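First chain A sits with chain B, and in the next complex the same chain sits with chain C.
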Partner chain A sequence: MIMESWRRKREVWVLLAPALAILAVVTFTPLLRTLWLSFTNAEITALDQAVEWVGFENYIWALTDPDFRDALWRTLYFTIMSVGLETVFGVAVAMLLNVEFKGRALVRTLIILPWAVPTIVNAMMWRLIFHPDYGSFNAALTQLGITESYRSWLGDPGIAMNMVILADVWKNYPLIAFVVLAALQTIPRELFDAARVEGAGAWHQFRSIIMPGIIGPLLVIVILRTIEAFRVFDIVYAMTRGGPADSTKTASFFVYQEYFAYLRSGSGASYAVLVAVISALMIAVYFNMIRRQNQGGY
Partner chain B sequence: MKLRTFLTALAATTLFLAMAVTAHAETTLNALFMSQAAYSEADVKAMTADFEAANPGLKVNLEFVPYEALHDKIIAAKGAGDRGYDVVLFDVVWPAEFAKRGFLVDVTDRISKEVEQQVFDGAWTTVSCNGQRYGMPWILDTKYMFYNKDMLRKAGFSNPPKTWKELAEQATAIKAKGIVEYPIVWSWSQSEAMICDYTTLVAAYGGKFFENGKPAFNKGGALDAVTYMAASLKDGLTNPSSREYLEEDVRRVFSNGEAAFAMNWTYMYNLANDPKESRVAGNVDVMPCPGVDGISTASGVNGSMGLGITSNSVHQDEAWKFITFLTSQPVQNRYARLSLPIWKSSYSDPEVVKGQEALVKAASQGIAVMTPRPLVPSYTELSNILQRYIHEALLGEATPADAMDKAAKRAARLR
Partner chain C sequence: MHRSFLHTCCLYAAVLLIAVVTLAPLAWLVIMSVMSPRELLAVPLNWLPEHWDWSRYAQLLGMNGDIADNLFLHALRNSLIAASGSAFIALLTGIPAAYAFSRRNGPRAILFLMLATFMMPPITYILPLYTMFSGLGMLNSPFTLIAVYCTMVLPFATWLMKSNLDVLPVEVEHAAVVEGAGTLRTLWSVVLPMAKPALVATAMLSFLLAWDEFFYSLILNSDLRGKTLPVAIADFAAGRVTDYGLIAAVGVLASLPPTLLAVFFQKHLVHGLAAGGVKG
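And then the complex of A and B:
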């Protein structure tokens, strides 16, 4: 009996071995190398330069950098705002698309389009829309009489980050909408009919039927989006390059800057590790939430 | 009969294979350029086509990126080994860093004494570090003041401003008369382009970036420069969108007749005077940037760029041949409409001067006063710090003095 279970265990590991080998090469090696680099003074250079171990110096440098701390708060703001709005819009749109109406299939297809646009294209598109002189956003607002004259959107430090968030939400809410829509379709119609007979209101139906039905898939997609949002770089780089006055410079920007602009790969690695550790902490929080929910939260 | 068909086919195949082999024996160079100012993409492509025609067996792959991506592209391509770039365009502010890290090949021995004397001294500083040369200067450029003659005339001015103070006065009058809402336009987005405008003003006000190795941009002329910039925004003389603009935006606004004054590089002169590109063609004149009473009569920033060979390149001789061709006097004279030559004698050559007399005159004054940005290996980082805090002052988030104090404090943390 014991032999049997041991053999089974061995079988599991043997079968997993190829996958683990690939993981070791493509994931663990770069990860460990980055970790090692973050404790050195390595630089990007074409010369042979000895690399020295510097202990926690890079981490102390990064954590005592007030600009980096500001960037972390900024990134957190971006993450909470964009994932929050995407969730609200995503769920709302999914519920609309779950209702039967003529042309529903067409609308469902159209709504996924923003998500299919590459991030860089999306960023360039919104940069044109928000252009201070010939952007359509300014044109629309003045023609509707909402604003009196053209103004700067991406050049105003109080507004620029929100405009980037808007562009990000537009691109990513369809993803949440589709996951939620798929979950909604698994909820039996009879439940709604029964609720109506019992006289349950819309809010009650939402809390007691819809939420329990979608919460599992919704949490998973929100986790994925959160990790992605916290690492945000490309949309910011293309829309504002961190400006104006650093007001959209996110944490990943520091990693990029340390590496490719200042050529300090050691220090850059420490910034990268810090961003990764914070992402990992957020994932842990979510997993905890999922576990609690599986244990019968709702 | 069948045999003959077979033999013909065989001959054809052999010929084809032979051709394929020769094609393969060609050397292909990879070259990195920018598309932002100076020579246009079309110009660089035309020059390269001429080079390929003159050098059978040599082919050049061209890649164009915005200026803002140039530095990082050169760095990142190092990882590509011998499949990276052979020839790269680099900015005057990078040789110190590139030399220290061995990205560019030392080409001092490839440059003859004769060539050295025929080219402007200011051009040589573009490619030099510690007395060694890391390439050939190619784009000799500084910021000029462009103005709309018609608008000045309407406001009652017969001469363009000679000092920055006078520029503000003329702009105030132009604005008051309702000729244009925002008379001045600059490239003040959080970018290197803004640092070039800023350096021009620092030079005019006699300021210094460093004094005895310590940051000095929070005092004297360097602070006056930021104060001037912030004031011209506050007074509504400078287009507020300048804080989002790069050089091409400046050209567009000025060419649309939405500004009376614009600071920009050489390349704007002929484009702003081209009816296909501009609504104000024929009304555009150019001057060196103004000076400051008692301190300077004109000002400029060294915005030159050079062509170098990367240390990755396995075709260094061919790469040098390409660089020599692009920087040669005949080629530069032929394409002098968007970028003026590095060669002293070109400035009296009718082929260069004809049709752009005003530009050549402005250049001979502007090139003489062009001032370098700080030549330090950590320039990129220093520039980012300056960009951020000057931008704070321009956005009204801090007073110029406070913003530059913060910049100086942050620069002391440079490593």
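And then the complex of A and C:
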């Protein structure tokens, strides 16, 4: 018996070994090395030379850096606005697509398209649409008589971030819509019929039938999107490069510049670790949520 | 079920609005790609091209031997190598791992550790990866990206396969074991055939994940040899190209593979996503 269980244990590790070997090289080791770098004064141009251990100096610097704080607030703004709008829009569209109408299957197939478009293509497409002189956004707004003159949507520090958010919402709302739609379809029709017989209004039906039916999967996908939105880099890079006047410079972009524009590896690593710590907190929330969901919570 | 006329009108109006908002930007991308440069720069803008000009696609696909077409075809090749390579390795190593987690009571701590690494921002790993591959002289290669993309694709594929295996009946496997089949034999000839839809979904989502990746590719590839499509597109859009139609055409071509996958395998994808995101 003991031999048997030992054999099975060994088998587990044999099955896991190839995956863990790869991850050891490409994730675990780099993670530890980033942590180590964050306590040194390393520079990317001289990584081979002796670096000095500087203790918490980088962290003290990072935590008191107003530029980094601004970048974090911007990232928070992006995350809350993007995920918030995606959720509202996604749930609304899912509820609409859950109603039977002619051509529903076609609309459902078409709605998934933005999600399939690569992030960079999405960013580039909106950049062309928001072009100050030749963009179709300006053209549409003036031709419809909504605005008088052309605007530089991505060139104005006051609104550039909102335009990036708009592009992000357009691409990512289908994912939320589809997850919610899948959940909606598991709600028995009879529940709605019963509610109608009892004279329950739309809002009441939403609160007592729809919400309980979708809240579990919805929370999971929302927190998943939140973790993803917090590390936003590519859409910002392709649309605004962090500008104008740093107005779209998010946390990941900040660290990227610290590493590859200012070539400060040690202090850059300390910023990276702080971003990772915030992400880790959100990941812990996510894990807690799927655990509760599997135990039948919500 | 009966609906009032007004109700029906509102419903179709709402559907139409959603469809237009969702599809108009894409339709415009396609239109830009076939409009003449002169028309694209016209103010006020015409919304439909006078004649459809497909020459940019011919140019990009290398039919008239310009320098720009090489760029696109190179990037396309690199994207295909990086995305299918990493999806392949992720399945090859992720399936046994998923099986260990699902059927052999593999340590849950490790499962969650893997998932956590997938969710960490790439900025956490990038510098050590960069110095490591630079030290090995392996920058500017799509094959390096295969390894690097495993940071995301491998944990993702493992997690997705695990949640899909969890819902498969275990009895058939017991029968195979009674007949003397070893673990790998059972996995290969009993479990995988049953898990085919999950396998398809996992392979495709892994491929899409890698196809979409930008950050690692941007940093690990500074010249043409290793550049993937997303990086080539970002360069394109920021660089010397003043023909917006050409940028749009690259975008359309780069969107085609994932769009076709999403449309044809919609059911698989949605099912796979729902299973992976929600079950632990």
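Keep this in mind: the second predicted complex is superposed on the first by the 251 of 298 C-alpha atoms of A that agree within 3 Å, B and C clash if a C-alpha of one lies under 4 Å from a C-alpha of the other, contacts with A are read in each partner's own complex, and residues count from 1 in each chain.
Keep in mind that, in the parts below, a contact is a pair of C-beta atoms (placed from the backbone, for glycine too) under 8 Å apart; a residue touches a chain by one contact, two chains touch by 3 or more.
For clarity, every value in this text was computed on a predicted model and none was experimentally measured.
A.B. asks: Does the superposition put A:44 against chain B (first), chain C (second), both, or neither?
C.D. replies: In the superposition, A:44 touches chain B and chain C alike.
A.B. asks: Touch test for A:10: chain B only (first), chain C only (second), both, or neither?
C.D. replies: neither
A.B. asks: If you stack the two complexes on chain A, which partner ends up touching A:29: first (chain B), second (chain C), both, or neither?
C.D. replies: A:29: touches chain C, not chain B.
A.B. asks: Of the two partners chain B and chain C, which one touches more residues belonging to chain A?
C.D. replies: On the superposition, C touches more of the residues of chain A.
A.B. asks: Look at A:216 in the shared chain and tell me whether it touches chain B only, chain C only, both, or neither; answer first, second, both or neither.
C.D. replies: second
A.B. asks: Of the partners chain B and chain C, which touch A:207 in the superposed model: first, second, both, neither?
C.D. replies: Neither chain B nor chain C is touched by A:207.
A.B. asks: Just to be sure I read the superposition right, which of the two partners does A:125 touch: chain B = first, chain C = second, or both, or neither?
C.D. replies: Only chain C is touched by A:125; chain B is not.
A.B. asks: Please indicate which partner A:260 is in contact with in the superposed arrangement: first for chain B, second for chain C, both, or neither.
C.D. replies: Both partners, chain B and chain C.
A.B. asks: Which partner does A:196 contact after superposing on A: first (chain B), second (chain C), both, neither?
C.D. replies: After superposing on A, A:196 lies clear of both chain B and chain C.
A.B. asks: Of the two partner chains, chain B (first) and chain C (second), which one does A:133 touch, if any: first, second, both, or neither?
C.D. replies: Both partners.
A.B. asks: By the touch definition above, which chain A residues appear in both interfaces, chain B in one complex and chain C in the other?
C.D. replies: In chain A, positions 44, 47, 133, 241, 260 sit in both the chain B and chain C interfaces.
A.B. asks: Under the touch definition given earlier, write down the residues of chain A that touch chain B in their complex.
C.D. replies: By the definition above, chain A touches chain B via 43-47, 61, 67, 132-133, 152, 154-157, 241-246, 257, 260-263.
A.B. asks: Can you tell me which positions in chain C touch chain A when the two form their complex?
C.D. replies: Going by the criterion above, the answer is residues 1, 11-12, 14-15, 18-19, 21-23, 25-26, 28-29, 32, 40-41, 43-45, 47, 89, 92-94, 96-97, 99-100, 104-107, 110, 112, 114-117, 119-129, 131-132, 147-148, 150-151, 154-155, 158, 183, 208, 211-212, 214-215, 218-219, 229-231, 233-234, 236-238, 244, 247-248, 251, 254-255, 258-259, 261-263, 266, 270-271, 273-274, 277-280.
A.B. asks: Quick check: in the complex, which residue numbers of chain B touch chain A?
C.D. replies: Listed in rising order, the residues of chain B that touch chain A are 68, 71-72, 75-76, 78, 97, 101-103, 189-191, 240-241, 243-244, 253, 311-312, 378, 380-381, 384, 387-389, 391-392, 395, 397, 410, 415.
A.B. asks: List the residues on chain A that touch chain C in their complex, please.
C.D. replies: 8, 11-12, 15-16, 18-20, 22-23, 25-31, 33-34, 37, 44, 47, 93, 96, 99-101, 103, 107-121, 123-129, 131, 133-134, 136, 139, 142-143, 170, 174-175, 178-179, 182-183, 216-217, 220-221, 224, 227-228, 230-231, 233-234, 237-238, 241, 252, 255-256, 259-260, 265, 268-269, 272-273, 275-276, 279-280, 283, 286-287, 290-291, 293-294
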